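Given below, in the form of structure tokens, are the structures.
Shared between the two complexes below is chain A, which pairs with chain B and chain C, respectively.
Let's look at the complex of A and B:
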């Protein structure tokens, strides 16, 4: 056994390559890192930076289709890469464990949570089943899961996403590992849930003195969790340092650009006089007897302005967007668009109304037909709505490609040949091609890296200034709202809890739910989570 | 003005792969199989030029003559040249199978996709109707219909195509269901696109690999169904040459140790295996593409 200051993990000059279409490309390019016992290291970077590959390499593992071409991964004095597989395997799940991004996809739906949690310990004969069950219940309690004694009897679909993520953490900690690799454990969660998961992970890690590698693209999150931060880009180390120092004084331009992302702010515009879209007393439920998904919605979208609709998943914000688009049919209430009552179903609307209201979906991966080229995707609305043909249509396609800041050379690409951000731009261009007055943007930036998000938000702002489009902007992210909104509507359980101009909603006094939502958005300082938990505990204990 | 350089596309390689390089990636087995299928096609097309004798021409006084210099594969029970019948049989057997499969695919996939797109009662009516037909064993159902309608080649094609289209309906409805759930279909509906556009441009290109693979399999099945029907005497009627009936005609000889019947049987088997090898390769590629996405 080594002394406490010794390095638990020592990765030296690691090189990993991945294969696609018969060509090998470098994913991790000579990265070295060291981790002491009980230390938490944050790995930050955009997607494709090699964070996950590096995280998995700490387990001596690479994904199928990848290979390690050089370097050493020394865990507790042994080089994992030179060990045979049957000596590496007992370490995984026992001494080193891994928490994946999507808990929902990582659990087996056919087994109870308890059986999956204790599987490693029981299979490897590390402890008898009863003891393992007790230990797991302890972990559930430590991660502040509700009903820790009985939650193990449930199946993955019977608990929420946040709870599932915590159970996966409990599973990872079950055998008392020395090192846990967290791969974006809260990225798929709402901000309010994220706070709970972050708090319980941090507590559990601190209590046991476990070392951890925390992978994320969210700097504000990593600032709460990590002692040290490493910034990766294109598989190479950009910068490394203590968390506080990295936040205060990043040395590299790239790091600074990552830090600066949250600084997009829309200039406050004069309130527009004429409303474009007005909703009065709108109710909606799924099915006749179903619970109400929207209740008593009243709102106004002014011409040429942005109304941001904020709320966590299940708050009904996307449903509201779909009602306006005519995909969901309201039970009662009235939607007025540019002075005329909007027919409820898309089928009852004429071609011109279809053109004037465009819906841009969240995920460009499913919203763009993978077999159509960029040209075909953008040209179709030009054909159906504007009857453009031949060279006229082609000219307009080029114009639109310029507008979304992609060159004409992208016209012949398929969606699979574009990056995530480019796909989303094409998705937006398809909406623009129709020449809409109102664009419903359903979480269009949520699945993207922050730098890419920033680019798209700036583009949307420019387009609005140029074309006077109104945006109905659905999002759960407060910093996006700050960047783009003129007016804000906060939704919770299908109702509007607060509404008003941006300045008014974002500054106190707040509705309690708005307070919760604003408070839960991570901030770029290391003691944010500590302060937040302290203030919540204080207000909970107050009479 | 161009995209942010930080926002680069994942693939730096060539934007589109040509058909030629696609063929070059085929494994040896698929390439050999493609050559065999090509040879079959050439034989079928140029049958009158290749065959030494006519299709139904009685050329020998001796039935079941053994192979010799004149009759390379011997003669059949009426003294017709086996080789010539085999060559003409390629034309009939493959032509009928192809026609059957084409009809069953057009019908089955169009109805299947329509059911998936429209849903509701259209889907219910079509699917339950198909369920009822599929509940009756295919060969027996075909036998019944053929004995009612009479055993002509057009009847044979239509009946087998109709019965086979139920299977195609099921497959295309199932794969189209996955595509219909995608948001680009919703986007098309928001544009007010008609059913024809949604089927042809939005769905069909996405399910084409599965359909083509299924086409290869169904072609073999149609081929085997016709052979089986001919074997039972309700398929292609004499004197038209067809491999299934040739097996039947020679089947009584097996008791005497004569292996003539294996010649058309091998012709059927080799074609079936070849088509399946190509289909397997195509399915591999198609599923690979899906994973890559």
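Let's look at the complex of A and C:
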């Protein structure tokens, strides 16, 4: 069957439904898209917009519990949806391949990386095993993986997340597909790693002229990767256009609101007079002989202000938060809280001290007991710390629900009946219920979409203005820091490399590591990645 | 040393310790049993002097701690002591009573395992592959009913069907010394069938559940998106990651085959170790009871140990340390 070469993929009026609790709801609602050979299309939207469902449909695949109720997915002239499964399956992994969001979870822990990379080629008899291995090694080299000749012998848990993501790209490209679906391939990575992976992916896709669908909620990322962008919301197409045009002049209000998120910025407050928390010469290591996780930490959190602690994963920022909370016990150094020296262990602190320092975890999914209602979750600290009972307690629960902008009707819901953002609000409300002076927020917005992030950041700012709480705000995201911080501490390998008021740290001259972090945060212009790579190459070759 | 070797050594040490503890428990619990072998054998009419002399002859007058170490010392050298049942003039070693019975039990267990384990795992894999199909439902319903039925009932139904209505096999599984291997196989056919029906159910259901549990993992979806065939996904991608629970239930079933088959032995009049122990308890033949209890405990511990080690060794995080 000879087909029109212009359109590699043609999705027409696709409808997908998903089932939950016996109810079918629409996930993708009549979306059409076309993709030419060698073209990269960005799919953008918040979670639940149907991006992944649409991306998987390009492989003629729906997740268990979902069904396609209408439309066509025409790949290279054939409608995948009307093909029998045994004709559809050979296309997957060979002509159309997929790169999943979490490479760590998407590689089988029981097999070596090489065997997984070449599996499709060998099973489909596309090439003999030796040739397949050589091709894979070349692919590893092209994606600038370290030790390309031997990395395939390793198992998924033996390599880092950024490397796994590149190996998964190598696996996707191994059979020379016509189309690759990238589903949030860098969302789980640090900004500094993200740059490397983005560069590798872009180079590999361009070199082979592979068409791609690039799914992400990060507009700045998609601006680097895609020729064209489609914005989805609630399973429907909002807007579509060339990348540059979409960035310069978005037509729809929703698109504009997505674009605007990154412009939130906290008004500069006067430096606070009194410190709430002071840390002097703090050291910490895991185990007696373990390497130092924190070394010589000195910092101050002023009353009613936010200190943002920035760094990539492994820099020790969460460990520092846990030391302040008393969950990790410092080896040496002194932590002073409101004029008194903090006992190192949480067990040595009295109830009032525990109440005044609250820790809010990154993942509300795991931090909230799934069998407790919102009321029970919020009421627990009210009972423990304030001995509130009955109607008094209920009144306070309602107040807290108002504060987190949810309202009383949410009190009887279980965490599973809330969205990600709502869960995080409840998580924060539980910390607030104790009535703390200091809240340690450990990456509380990192797992959320930008719009939801913004809502939560605004809420935290309002609460601070109202209640004079201090935040010890741990994050790896520079735009979040811009939005919420008064002071910034930059951490690297367990040390503070730079510290100061926000304006000072964010404006040059920077410490080299701060420079790297700031430079790695994607910006909303199409040539950001190109410029960055060029300037880094230039500075690397300079003497 | 690497993490895997260390973990395995740790498990071995733990297993050894458990066996020591069990030997103490076995010894002391029999110590606290009411009644006394000497007086029960000699009857009510025996004079206190005769009882005392008999106790001395058996060594029952020594302090318990001393007797424990004497007993355990003998066990370590392969000497399980003498049975109380034979008299002083013709002492019968416990091993002479227990060992042939143990071999019979192991023979029955071995044949059953050789048939039941592959069948159960295969059925489990197929049920997982065709989950919620008619095949899956049929297998599930039939295994559920063999689990629900008491094993002696299964045994009698098997006898009714294959020894009475269609007399293909003997209802009694008596073994005699001169039998050839095939004759022995024919003799144990019905108990093997009965036991298989009982243990296949557990193993098959666990295999199915463990595989289905793994099928929800992202790497299974990835395998599907790489165009792998369903059977390959089940065997190559899901099974290696579901081995832990499957090996555990297999070990448990094997232990049951050695330790828990006394009912089946009685129904088929099979000379296994379970019957021996029941008889010994009735006769207050303490050394035999001790030996059986120790063998049972060791079987459980060793099989679970093996299962643990397999589960650990198939975990790539331990097998291929960073």
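Please note the rule applied: the second predicted complex is superposed on the first by the 538 of 543 C-alpha atoms of A that agree within 3 Å, B and C clash if a C-alpha of one lies under 4 Å from a C-alpha of the other, contacts with A are read in each partner's own complex, and residues count from 1 in each chain.
Please note the rule applied: a residue touches a chain if its C-beta (ideal position, glycine included) is under 8 Å from a C-beta of that chain, and two chains touch if they have at least 3 such contacts.
These figures come from a predicted structure and were not determined experimentally.
Enquirer: For A:402, select first, second, both or neither according to whether it touches chain B, chain C, the two together, or no partner.
Expert: Touch status of A:402: first partner only.
Enquirer: With both complexes superposed on chain A, which partner does A:418 reach: first (chain B), second (chain C), both or neither?
Expert: Once the two structures are laid over each other on A, A:418 reaches chain B alone.
Enquirer: Determine, under the contact definition given at the top, whether A:430 touches first (chain B), second (chain C), both, or neither.
Expert: It touches chain B, and chain C stays clear.
Enquirer: Of the two partner chains, chain B (first) and chain C (second), which one does A:392 touch, if any: first, second, both, or neither?
Expert: Neither partner.
Enquirer: Check whether A:13 is in contact with chain B, with chain C, with both or with neither, and answer first, second, both or neither.
Expert: Once the two structures are laid over each other on A, A:13 reaches no partner at all.
Enquirer: Mind working out whether A:368 is in touch with chain B, chain C, both or neither, as first, second, both or neither?
Expert: In the superposed model, A:368 contacts chain B only, not chain C.
Enquirer: Does chain B (first) or chain C (second) touch A:384, or do both, or does neither?
Expert: first
Enquirer: Just checking: does A:359 make contact with chain B only, chain C only, both, or neither of them? Give me first, second, both or neither.
Expert: In the superposition, A:359 contacts chain B only.
Enquirer: Please give the residue numbers of chain C that touch chain A in the complex, ascending.
Expert: On the chain C side, the touching residues are 217-219, 221-229, 232, 236-237, 240-241, 314, 316-317, 320, 322.
Enquirer: Spell out the part of chain A that touches chain B in their complex, as residue ranges.
Expert: It is residues 20-21, 23, 46, 48, 325-327, 346, 351, 354, 358-359, 361, 363, 366-372, 380-381, 384-385, 402, 405-407, 412-413, 416-419, 421-422, 425, 430, 434, 451-452, 455 of chain A that touch chain B.
Enquirer: Quick one: in the complex, what on chain A touches chain C?
Expert: 56, 59, 61, 63, 89-94, 97-98, 100, 102, 105-111, 119-120, 123-124, 154-155, 157-158, 171
Enquirer: Which residues of chain B touch chain A in the complex?
Expert: Touching chain A: residues 1-4, 6-11, 13, 15-16, 182-184, 186-187, 189-193, 201-202, 205-206, 292-293 of chain B.
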